[in-house]
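Order of writing sets the labels: A, B and C. Residues in every chain begin at 1.
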């Protein structure tokens, strides 16, 4: 019994099976099939391996972004000069990857909680009956103020007058602000960490550089006016009503080469709601929000309301690292062999169904167990037809 | 020599190899094998290609979200009426994808830095010895105040009393606030950008629509009460202690059809810490944070502390675009051919080891170089057994 | 006609093709080929299936994070005691996944809009000619103030003096603050939702636990000092100039086993700009931003400017769930069969080109349609050479 197993094992190990093949010496079929096979081979080597780098595995990064604006804005509204520094024009202040730079504003000072008439033009009334109490969008008191012919509301008074957006925008000087971006990415699968302050970007360089797509593509300092322009907008237009800009930091890295070639690529494009969009019937252009500074005056809580128009900047990190890996390589090879099999099937169809000598080739290729399946499992032997 | 290479090349090009095969005419084996092969074919075509769309490559989007709340809240606490507008109840103000809508609050006005006793119930003491100086959670002065029998602390005084959360919540009117979401997604691989203001969603529609899962599934205006209800919560419960809701914007797009079919799908679900979770022993229900408004009164810095209970809304964009690509198509075909090979191996096992006529089929299929491997590499020829 | 189709169909169903093979009984070739085949099999089963779990499909999660700090800081600057509670030292206040804990600050109180000379050391001048009006970084008035020999600027006055960062940092007590993290992840493909408050993490446990990588790896309460230390920094250094720390919550889940084994793994590492980085020539160490508290005094708007140095914490959720799926399984098997085919090709090359008996094996394996391709499509028959 044991020797039987040993025999079977030794048989298994000392034998080797290889398919028997017909070598068809036919120019037409030969050329067609070789061309199909060469095409498949070219596709696998050229497209899958070289062009699409199918021998590599991919990973996306976890990333972290920190931003810092610099620059001082200056306004002179009705003879009252003031400057706006970073603590005044950036929301939120702590350097997030998504923030707003104020470029225009409507200020309503000294608001207190109380009752006052609405602006002319909104909620017009002729008698108290026109002013339902407690409607949802405004909290009405039910009184029609005769001097303005508008309803009285319970609100922060005086109510904000935002019917006209200041033009030219108050803070056109925002064009000269600079933005500094720090970004680090980590590809956890490959254990690689990179910063956008790559080799050669040191303090000396940063102190004097300004991003330019061709001349200084790695400088992490961006002039706000340049950002707006590279996104395809006009600064005055976007500063007037506000808008949103995406800065995409693209890390596409081939880690089979030296990691120092893994560098960020900055791209700029407009997001939703930009004021010079062609289609004016589309909803909601511009970008604005309201922000209040609260204070106490003579024991009465008051606030200064700012309707802020600004440029919202979203920094979006997009990352893809690739590195050689055995599994995608062998999967690509394996499925390539499968496609080779498809090529053989196609050639066989030509050989067996289209050629004049197809009957001859059929007999060469196939060996029949018997002519007609009358008694399939009988032990009465078989014949190879036409041999 | 040159003609030799030419010969070899012409041989290569004009020849074509195709495997020789046995055509077994046996009903049982035939039916079994054809069924296996049809099953594999059905799997590849039906499942991989049609159901799972294996001929497509996928991409996820970079996305950008902007939100805007509208509506006015009204409170009447102890006869003091006031309204709360957007600048009062949204944190942060600038329209981020993650924000909090205040629905309830505990207000502590006129706090100054100083020394005052703790609330009754916390840090009870009978003598100064019970109040260690400078403990970590509170900064104690080491004095036991006899009137309240609690330790004295250095803190913003008076200390906040948050032992009882106001009920019913102060800002039940938050139910009527509306949320406007702008979201744009870009699939970089396919160069497609979409906004949630898709075709047909214009200013006129937005000004009067309100999201409804069946009737208005594309309206980007959401009533806060609806959002809470669609997440499966009770508004009064969540407004009382706060809670967190995720709004998932799902972009699942087949870019092989017209891009206008690529539309967002909004879904709502509760996140961590919702107050009506069943398992009350689980930690930390509700959502709250503390927020201070600082001011100066009579040269003394003061603050108004708000413990804000609210609904935190996280807008999560989930995206997956698919488009035809040659590589996944051929990989699927190639590995499908491989699985066909597996089917052949299974059938061969049946044929060669299970059928009564297995010895006969074995001889049909195999040709032996010699009967027993005595002298493997001898040039003495071979016999084909049993032929 | 109909019977013809029926015949063809029955032929198709009752027939079965299997390749004819040569069984080469040669020890050398046999052993080589069997070893290659076993190697391929071991790779497919061992590496692709067991090690890389190639039978599983993967999904990443949508996640939501909420944070809450606790603890009170204490400063005694020039005899003026004060405490700092959560509303004072966290930016932003509402519990985002990215926030800053203030550890040091430069305070400039009572700033009003006006004209004042620059700090000594910056913008030195000897006459008005040295002070160009309206330069970009500062808004100069064009006057050289003789007392300080610096240019006069229009700014919030007095100007901030940030030439010296306080050392030791004011808020060393921040080391004892605790951070509570709530995180929920949802794997949409698999319909699985998990929270970092996993089974066994209840209120009782949370109230007394503190994260420790080995002893309490699932406790969601983190001491700030521990976080800094686990990231590899010295607390005093990072508190002095600020820095950034990433907390990675890693959800790597095998959903083929019970979902309760799907647990978060917390990791800590420094991000950009940490102050004890070796390479001091690299740009921009530390983390700081400016923040202003506005108030009104005697009808004059004033502000208190804080330059905040702090620890910025980014919570990054990394997720990967795996579960059995039929498509990757069959794709892996299919491409494995393809690789088997490659093994056969290699063995055939050995057999047909390297062995002494190669001519013999060539004749066994191949059947030729005719010796030389003179008249390829002629019907004159063929010979099997050397048979």
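Here is the rule we go by: a contact is a pair of C-beta atoms (placed from the backbone, for glycine too) under 8 Å apart; a residue touches a chain by one contact, two chains touch by 3 or more.
Note that the structure is predicted; figures quoted are calculated from it, not measured.
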Rotation, 0 to 180 degrees and nearest 5, that superposes chain A on copy chain C via CA atoms: 120
Copy pair chain A, chain B: interface residue numbering same or different (half cut): different
Cα-centroid distance, chain A relative to chain B, in whole angstrom: 16
Residues of chain B engaged with two or more neighbouring chains: 14-15, 17, 19-27, 30, 92, 295-296, 331-332, 334-338, 341, 364, 366-367, 373, 376
Partner chain B, residues of chain A touching it in the complex: 14-15, 17, 19-27, 29-31, 33-34, 43, 47-48, 52, 54, 91-92, 98-100, 113, 134, 136-139, 154-156, 244, 246, 248, 269, 271-273, 281-284, 287, 289-292, 294-296, 299, 301, 303, 305, 308, 312, 314, 316, 318, 331-332, 334-339, 341-342, 344, 347-348, 351, 364-373, 376-377, 379, 381-382
Chain C residues within the chain B interface of the complex: 12-28, 62, 64, 66, 68, 70-72, 74, 81-83, 85-88, 92-96, 176, 180, 182-184, 186, 188, 195, 197, 201-203, 205-206, 293, 295-297, 302, 304, 326-327, 330-338, 340-341, 355-357, 360-361, 364, 366-367, 373, 376
